[in-house]
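Each chain gets a letter, A, B, C and D, in the order it is written, and its residues are counted from 1.
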Amino acid sequence: MNLAVREALRAFQRAPMLSLLSITTIAFSLFAFGLFGLVYLNLRDALAQVEERVEIRGFVAEGTSAEATSAAVGDIAAFPEVASVRYVSDVQALERARRELGEFEDVFEAGILPASIEVRLREGQRDPESVRSVARRLEFYDFIDDIRYGEEWVEKLYKIRNIATAVGLSLGVIFAIVAIIIIGSTIRMAVLARSREIHIMRLVGATNGFIRAPFLVEGFLKGVLGGLLALVLTYFTFEFVGQYVVEATYFGSGLAVLGVLAGALIGLLGSAVSVGRHLRRV
Amino acid sequence: MNLAVREALRAFQRAPMLSLLSITTIAFSLFAFGLFGLVYLNLRDALAQVEERVEIRGFVAEGTSAEATSAAVGDIAAFPEVASVRYVSDVQALERARRELGEFEDVFEAGILPASIEVRLREGQRDPESVRSVARRLEFYDFIDDIRYGEEWVEKLYKIRNIATAVGLSLGVIFAIVAIIIIGSTIRMAVLARSREIHIMRLVGATNGFIRAPFLVEGFLKGVLGGLLALVLTYFTFEFVGQYVVEATYFGSGLAVLGVLAGALIGLLGSAVSVGRHLRRV
Amino acid sequence: MIRFTHVSKLYPKGGPALDDVSFHVNRGEFVFLTGPSGAGKSTILKLVYVDQRPSQGEVRIAGQSSVTLTGSAVPKLRRRLGVVFQDFRLLEDRTAEQNVAFALEVIGTPQDAIGPKVARVLTQVGLAGKATALPHELSGGEQQRVAIARALVNDPLVLLADEPTGNLDDRATRGIFQLLRDINATGTAVLMATHDLATVRANPYRTLEMNRGKLVYDSASEHPAAADEFDAPVPDASETPQ
Amino acid sequence: MIRFTHVSKLYPKGGPALDDVSFHVNRGEFVFLTGPSGAGKSTILKLVYVDQRPSQGEVRIAGQSSVTLTGSAVPKLRRRLGVVFQDFRLLEDRTAEQNVAFALEVIGTPQDAIGPKVARVLTQVGLAGKATALPHELSGGEQQRVAIARALVNDPLVLLADEPTGNLDDRATRGIFQLLRDINATGTAVLMATHDLATVRANPYRTLEMNRGKLVYDSASEHPAAADEFDAPVPDASETPQ
């Protein structure tokens, strides 16, 4: 094994740039996974918070009787998805608007904001689908003029999360494939360059496992180095974002170790596939 | 030369994946340049259009005399950067608001929109810097309460353009470097793998140029293929964007040929540097 | 030890390299293999160290048959052989010393046993002073002696030597030949392919003569064969010799 | 043609490989170079084809001096020499034919002239039937003959042959030697390093004997030297021979 490690290090010397490139590519692969994994994690948290504040607001037509609205409030409260329902009169609405939009105070005059029924949903029922379905059911009340809900925002966040996941996954997979190709090619060339040596090893009684070992060690080392580099990269990116953009959650040491292992796996895989295929031909 | 091309093609056979990777990396490098080049071109056009509509609006305090405002209008018109100045009374402002923001009609009531002085700048003077400087000079008039100008939009577009240029340039340069490294490493390994052959070539009287030629041809071919691939990639991206996002301008055939030449140059460079360095040692 | 039974070898290109060859070599025997260029001498040796498989017939080596030998059993068999290749087959980027040590590392010899063994065998072939030279820093004859040292260092059961003195002058040839005789005296069988008729004539060993793939002369058929023990399995002690 | 003047060669490792060697070879001469393994025979040849430069003294070849020869002039000089290397130096991934053709391609011989030349020279060395075999598909002696064919195909001004018959049996040796004699008869100087004392003794050519880097015997010093024309520049006609 000692010999295998020595031979693997020799290989680094022989193709330093290509080895570096393999390591960097593995690192980028894991970095892409890691970065978009972090985006996913943080967006998931953000979504949970935003969803908490999701509310459906039905504007009540002027001159609707108090009985009609309170009957509706009771009905709506009975929907399985609904957590709470609240009636906001036009006076309350104006007050709230003044409070919240103080800046534009002069714009709001009495009577321009209508009364509304405001509905909050239970946890787990706040996805765009459920929100839309409750909103549709509110439309059945004749006296409800217009319905608003933060639909664009929720949908946007969901979209961002999905895009981030897809981009992260595909970038990661692409880089992983490129890494495997580079490693595989490096080893293909190393096997070609060392074919004479390999042939001689065979002739003096070396087993296939013995011949294969340095290549596997080489791939494994590259993978581990790539994984560590990826960890460093994500950490600095994360720190940078935390400082200049938003506070975010980092992943735990368990996931970090998993990342390095994933690198080792990519490295081993690239080596194993290539060395298996090429040794047969030498 | 015939021999050099044959040897170069042999090299492709020996390391097909690595050759493909070299080509792809060159393609990505040029793709990055090309794509962000296109973004730059199109943003430049968009900026020109947006800037045309840039206007500075000074809101006039209630109860200001007509003489004061018209004197100010005269003064401002004399600024070198200014193309035109217009006074908009409160009645005109409300009308315009109703027309433009029909949707929110009920929100606007007489008296809430103040009168204003609206200033447009000359072409070439519409960059954020000039706009800000004119706006600052408007502040000197006591009766001007508040000044608004599309500053965020202009600055945002400028920022996007600058970011796009920087991202494009750096991505392009990074990929170009990676391409040169991959090509260089491929050739380094090829030189190592063929060192015996190269030594023998020397012994039977081959000149250095003769030995170098196949490697240079190899790099050149990779570069040209990479350049063509990049053209195809940008073209499809461009078509896709044109169909689903916005109409955009594509670059002419002169630039396209330049791109392929740039690819050839990257390929040649990667080969030349590596082969020069390694042949000396064989 | 080695038995060829009606062995033929046809390479994909060209005619038969071996044509119905049968002979056996006993344990501890010393055998010359002669014949003109292209006669099939190297091919016989390649069949013994299983670089090639026979097209027809059977080759038995140390109790193993070419018919049943699996690919994974080949390394184990080779560790019990020492081979001097006609073209030396030294590793270009390792010193003489490292080339010899390599053959020991490959078979898992403990690290601290390697140094002394290598030094001893390099001295035997007269290259103690060139231990740290790379192959391209050695003369042709010196390279050949490194190849011989590598074949000997394992204390093999059988030594296969393909033209081991082709690049050596008369005096060096006599030295190497004496070395092979010493090895043989310790019980190692030696099968040596050579063009050097002077050496063959000067030594009273058995001679196999090949021509165009056929065995045309076997001096052993003139005098009685030694105790026939060629087919008995040999205890596998070669990995921890001495 | 070739003149060594007080030439010494010290390799970075080890003692002097050549020690104050002086001799000259005239145009069209046939010279044997003998001596024990490690004596410096290959080193002399390497100095002639400028694979090595002398540490001291001067080597002149075809009017070029090792003192003034620039690196870029070396290929041109080599094209006028034919070299048979002791270790053959064939390209492993090319056939016998391609290996020989390669030497012509490198020096820019027109494509349609290559085929006939290659076929002719392969026939001369007795390998017409093995033209499409790769080196590893050839016996040791066959590889050696490919190497000889490659050295001859250029119609060189000087043929340097390092142990060209080391892997050949007596009959093949006589064949190759006859070939070298024929070449020599057309005016090509031949400098042949060899251990084969039988051949040396059987032929009345000049013999240089080396030992430990020193020139210890020159048979030419016993009889008068031929017309001394070694230093005259030779017209550069080797690139379009015949």
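FYI, contacts are C-beta pairs under 8 Å (C-beta built on N, C-alpha and C of every residue); 3 or more make two chains touch, one makes a residue touch a chain.
Quantities reported herein were computed from a predicted structural model and do not represent experimental measurements.
For subunit A, the chain with the farthest CA centroid is D.
Across every pairing of chains, the maximum count of C-beta contacts belongs to C-D.
A straight line joining the Cα centres of subunit A and subunit D is 70 Å long. For the pair subunit C and subunit D, the distance between mean C-alpha positions equals 31 Å.
Averaging C-alpha coordinates per chain places the centre of subunit A 28 Å away from that of subunit B. Shown for subunit D are the residues in touch with two or more other chains, of which there are none.
Residues of subunit A in contact with two or more other chains: none.
The touch graph of these protein chains is a ring, one cycle where each chain has exactly two neighbours.
Two chains count as a pair here when they touch; such pairs are A-B, A-C, B-D, C-D. Per the touch definition, subunit B reaches subunit A in the complex via residues 14-15, 17-18, 21, 106-107, 109, 112, 178, 181-182, 184-186, 188-190, 192-193. Residues 2-3, 196-197, 199-208, 210 of subunit B are the ones that touch subunit D when the two sit in their complex.
Contact residues of subunit C toward subunit D in the complex are 11, 13-14, 35-38, 41-42, 86-88, 129-130, 132-133, 137, 139-143, 145, 162-163, 166-172, 195, 197-198. Those residues of subunit D that touch subunit B in the shared complex are 49, 51, 72, 75-79, 83, 85, 89-92, 102-103, 105-107, 111, 150.
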